[in-house]
Amino acid sequence: MAFDAYVKREFKQVGTRVARPDGVDKVTGRALYGADMVAPGMLVGRVLRSPHAHARIVSIDTSEAAAMPGVKGIVTGRDFSVPKDEFLADVAVNCLAQDKALYDGHAIAAVAAINATVARDALKKIKVEYEVLPHVTDIDVAAKPDAPVVLEGRALETVPAGMGANVTHRCEFGHGDLEAGFAKADKIVERSFRTAATHQGYIEPHACLASFTTDGRADLWVCTQGHFYFRTLCSEMLGMEASQLKVTASEIGGGFGGKTTVYLEPVALMLSKKTGRPVKMVMTRDEVFRATGPTVSTSIDVKIGMTKDGRITAGWADMRYSGGAFQCLTCEMGAQAAFAAYDLEAVQTVGWNVMTNRPKEAAYRAPGAPQAIYAVESVVDELCQGLGLDPLEVRIKNAAKKGTKASYGPTFDDIGLLATLEAAKKHPHYTAPLAEGQARGLSCGFWFNFGGNTCVTMNVNTDGTVGIAEGNPDIGGSRASISLMAAEELGIPYEKVRTIIADTASLGYADTTDGSRVTFAVGIATINAARDAIRKMCKRAAMLWGIDEDAVEWKDGAAHPAGPNAGKFPPMSLADIAAKSFQTGGPIAGHYEVNADGAGVSFGVHLCDVEVDKETGATKVVRYTVFQDAGKAVHPDYVEGQMQGGAAQGIGWALNEEYIYGADGRLQNPGFLDYRIPVASDLPPIEAVILEIPNPGHPYGVRGVGETSIVPPLAAISNAISRSIGTRLQELPMSPPRVLKAIKGAA
Amino acid sequence: MVKVLLWGSLRAHTDGQAEVEVEASTFKEVLDKLAEAYPGLRPQIERGVSMAIDGRIYREAWFTRISPESEVVVMPYMTGG
Amino acid sequence: MSVTVSTTVNGDSVDFVCAPDETLLDALRGRLGLTGAKEGCGTGDCGACSVTLNGRLVCSCLVLAVEAEGQEIATVEGMAAGETLHPLQRAFIDHAALQCGICTPGILVAAKALLEKTPDPSDEEVRYWLAGNLCRCTGYDKIVRAVQAAAAEMRRA
Amino acid sequence: MRYEKPQTVAEAARLLSAEKGVARILAGGTDMLVQMKSGMVEPDLLVDIKALPGTRTIVKEAGGFRIGAGVSGAQLSEDADLKAAWPGVVEAANLIGSTQVQGRCTMVGNLCNASPAADSVPALVAAGAKVRVAGRGAGRDVAVEEIPAGPGKTKLKKGEFITSVFLPARGARCADAYLRFIPRTEMDIAVASAAVNLSLDEKGVIKDARVALGAVAPTVVLCEPAAKAIIGTRLDDAALEKLAAACSAAAKPIDDKRGSVEYRKDVVGVLAKRAARIAYTRAGGQK
């Protein structure tokens, strides 16, 4: 049974702001990230990448490079057999191109050499003959029947006949009678939006160290969000058995979804296999931007009808997403999320995927939702402006709540949207006077959250301390949260618990750190592993007391005689029981394995004030407040951190971040200089208001919090800008040239 | 019998019906019966689907019990970042 | 053709051999095993490799290792005095000013340089001083608070 | 690659002219190392000029300031006299890159990197600054605007390099200012920029002015019509509008990832107006 019901309780430790266990390592420079590991005899691997957006690879001549002193091995796509499974095949082809280079930066070949200089020089000696093909990077152009075809034959059965070959998927959601709904509206607004592809922008580039031995075993040290999934992908690509590949997750320098798939890792393993030496590969920042994880770029039409008093009568959206040069199903998430915040009688969303000569999409924090909700929330806001209605009241009036039939199908259980809206309404920010030239915007946001496969082993040490092994790389402080939940359940101090992330050989499978799942799902496993250990400890106490094990209960970190024996013996603490464990049957450990469900959806509301320089089009965010339903906040500091961090990424997306392609199909801004993520001086303080509406699907009421916060900023800022300049932009980012153009266009 | 709600684009394979009925008592049985009764749904079911049962989303839990009065909604396989 | 460099790192005299075009960052990480400074971009845009060179805050990816000859380098590894963390290091833990932590060493070195020059900075001064240190996780809010808390503590000391 | 750190100008000149391959100067390195990393430049010889006499100091000379070619932005900001005399030049130099980059970057490097968007260059041009060029022969002093030849190119000959920049003496009622536009608050390359240097008479009328524009042409633009637009005025609104129009007209920018032609032409005028107001106020003019 994969479902653990919430039971109301008073927490002693959960909810406190303890120091994170990896804190000292991280402030002293001791923490080891992907690029920080070395191995004796290690070689350096580098990748040769396509300078073309789309080209047939006629030939690759590696002979000259291979003959260079210091070059120990070279691999190309031919060294890998392409898996039969289409999804895996795409991942493999993305790691090393087969017959075509599909985007600027697509990996073509890789070299292992004695040092970085030799490796770099060797790349220059690899001769690749390309037949340059027509390319397409714009989604609307790519969707046309006469567009250059990125890959043939990739359309699913979902695509109607007559579409262009780049259109690979269609999905549709919704309910009710749209026509009747629009007929009831007093005002209908229909608009088209475009959003640029953005990058997760983690500061740590992808890095790994692979070591393959001649007996077919391998070790991989890698910065990843999911080392178990990396093991699956790499072992399939290298034709290995999973048990022969041990993957260890390094500390991870940010992921946000972008480190959920492999790029360098199978290549490093293959180079190590070929050379018989450990191979380290680290991407440059340029490679990170050109070849890894941007979001989908989108083109979205939205139509919404509203009555004079602010009731939404119907909502419709058609959203084209491009996940780059491969099949991509993210449009499904966007099409489901678009209207999730509203209680609607008639709603329909249609999602499409269109291939373009861009890098393969990787998940980015609530993948697909920010774009869809930006478009919907912009139109809702325009309706409020047009009808002279308060945008917060309109959202309260139409808010999805318990019993609402969600636009994506199910009926909502307990959800926190109304609570966040009411909190925003009561907050001083909403009524604070605005300075001259400032304007306020708001938006709702939504994300599903997931659970997934999780294993936890909890070892009770003989000195009364507890070690936890879990399988999810810690991106934002999850070891602290897991230790807190263990301490709470066991009734021992937080300081007595140490949580580590086990390698793939030491623990059962864990799904990737994604879908805002870790505190939720690992939490369930941890609490249950603790309960398992407690059962065992009660049994040991019963043996020591010579009473029936059912007559023992656990409270405040100790076994107590209960029932007829109550009070007969002094309580026996965890440390007392642990100290005698060798004499009572051996070491004590608790275990739990689960594929957790019941994560519970999450809503947020963001309020922001902006100031637009009407002569330059520059937007300054002057005040920002995030309201989010977090369920029980296990470690409030890191819950706030997720809310603030997501907001900051959303602000960057709204204002300046974008993939810019030239007419030649090459990425123009593959660096932090021109891919402009927010810097400290760009942002105001970001206030985070946590609402704790317990998730009925978690024993402590925990909900995922990591993703929802990136969803609302796009529309919140757009809505504020539109109120500041008196006209609405329909394209992201709202960079100064676009804003100035809109101002001039409106004048 | 369980009423199963299908998302819009799946209805092409059920003669336009948004809701179909199958004889099933678990997640897995729902999918098996759907694939049997509506072969057009098979490719999507093989790609993976989630299922919301009484408002809670399950990704793979084949043996989750479903009662005749349960609200059952088939959804695409959920992914996150 | 390699060059021998004699320099001082965190108060210790060290020698290493490097290529003439090798960056100080690569030498610190690769030759001296000081991996606290991180390479986030290699072009001076992210600040993760921040160190001080004769007390001046620099990106070690934009300094050649040979330029360190006879100079004094300070890195994050030199911030704590034995078991005692620097007030900034403690404040970053106490205020949850890090999530993934990859930018943390660079930010700590930069913030230390700020507080040595400006013991009582405004929030705006902190934000502008740290504009060259990208953090993608936190939205900077808790970082600014942690720097201010450490600054207050250091002023009291 | 060879790395050399000569102790004399003569030795540096000898090294540079003797090199048959690609020779480059290393001062702050904040552009050079980026170019080396990207493979844009692969020097055979790198001559570090920071050990040459006078390259690390700011010295008063003839009432003005001689600033060594190795003086960092951070050093400039710490010189109170220089800041008081040439606030626009110092603020322009201090806009280059981050705090970290300020620890190393130099105005001469900014000039010789020859980016049209270099922040310190319009301010130096507006200031009427001169650089001292060394080479095999005798040194010569050259106006800053004579150095850039186009994006990435200077008019320096093989073996020549700049050892210092000279900012002239200031009289009363003089001031300069520099503004640039970037999308973020920091860390970007200028999309457009404007420097204004002016002097007032006792009544607050502008006697003399120099206006220089950045990032709107292949090289810095010394915009005489813009200066004329404000000379003889008290910087009234009409004069400011004329100034902006003259700057927009003189701008011959390109469309690129950082901005469009139209945007740059607009914004350069806005910046010139704002910079002029700052300079005017600094010079003691009343608005």
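Per-chain residue numbering starts at 1, and chain names A, B, C and D are given in the order in which the chains are listed.
FYI, a contact is a pair of C-beta atoms (placed from the backbone, for glycine too) under 8 Å apart; a residue touches a chain by one contact, two chains touch by 3 or more.
This one's a predicted model, so the numbers in the text were calculated from it and none came from an experiment.
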Chains partitioned by contact, chain A not counted: B | C, D
item	value
A-D or A-B - the one linked by more C-beta pairs in contact	A-B
Centroid spacing, where centroids are CA-atom means, of chain B and chain C in whole angstrom	54
Gap in Å, rounded to a whole number, between the CA centres of chain B and chain A	26
Computed distance of Cα centres, chain D from chain A, in Å	44
Centroid distance [mean C-alpha coordinates] between chain D and chain B, Å	67
Touching two or more other chains - residue numbers and ranges from chain D	38, 185-187
Multi-chain contact residues (two or more partners), chain B	none
Multi-chain contact residues (two or more partners), chain A	200, 256, 672-673, 678-679, 681-682
Touching residues on chain C, where the partner in the complex is chain A	19, 29, 34-43, 45-46, 48, 75-77, 79-80, 85, 88-90, 92-96, 98-105, 108, 123-124, 126-128, 130-144
Chain C-facing residues of chain D, complex	1-3, 26, 28-30, 33-34, 36-38, 46, 48, 50, 72, 74, 97-101, 103-104, 185-187
Touch list for chain C against partner chain D, complex	1, 3, 19-21, 23, 42-45, 47, 50, 53, 56-59, 61-64, 66-67, 110, 113-114, 128-133
Chain A residues touching chain D - in the complex, by the definition given at the top	120, 286, 615-618, 655-656, 660, 668-669, 672-674, 676, 678-679, 681-682, 735-737, 740-741
Parts of chain A lying in touch with chain C, wherever the complex brings them together	17, 19-20, 22-24, 26-33, 35-36, 117, 200-205, 251-256, 282, 284-285, 475-477, 637-638, 640-641, 644-645, 647-649, 671-673, 677-683, 685-686
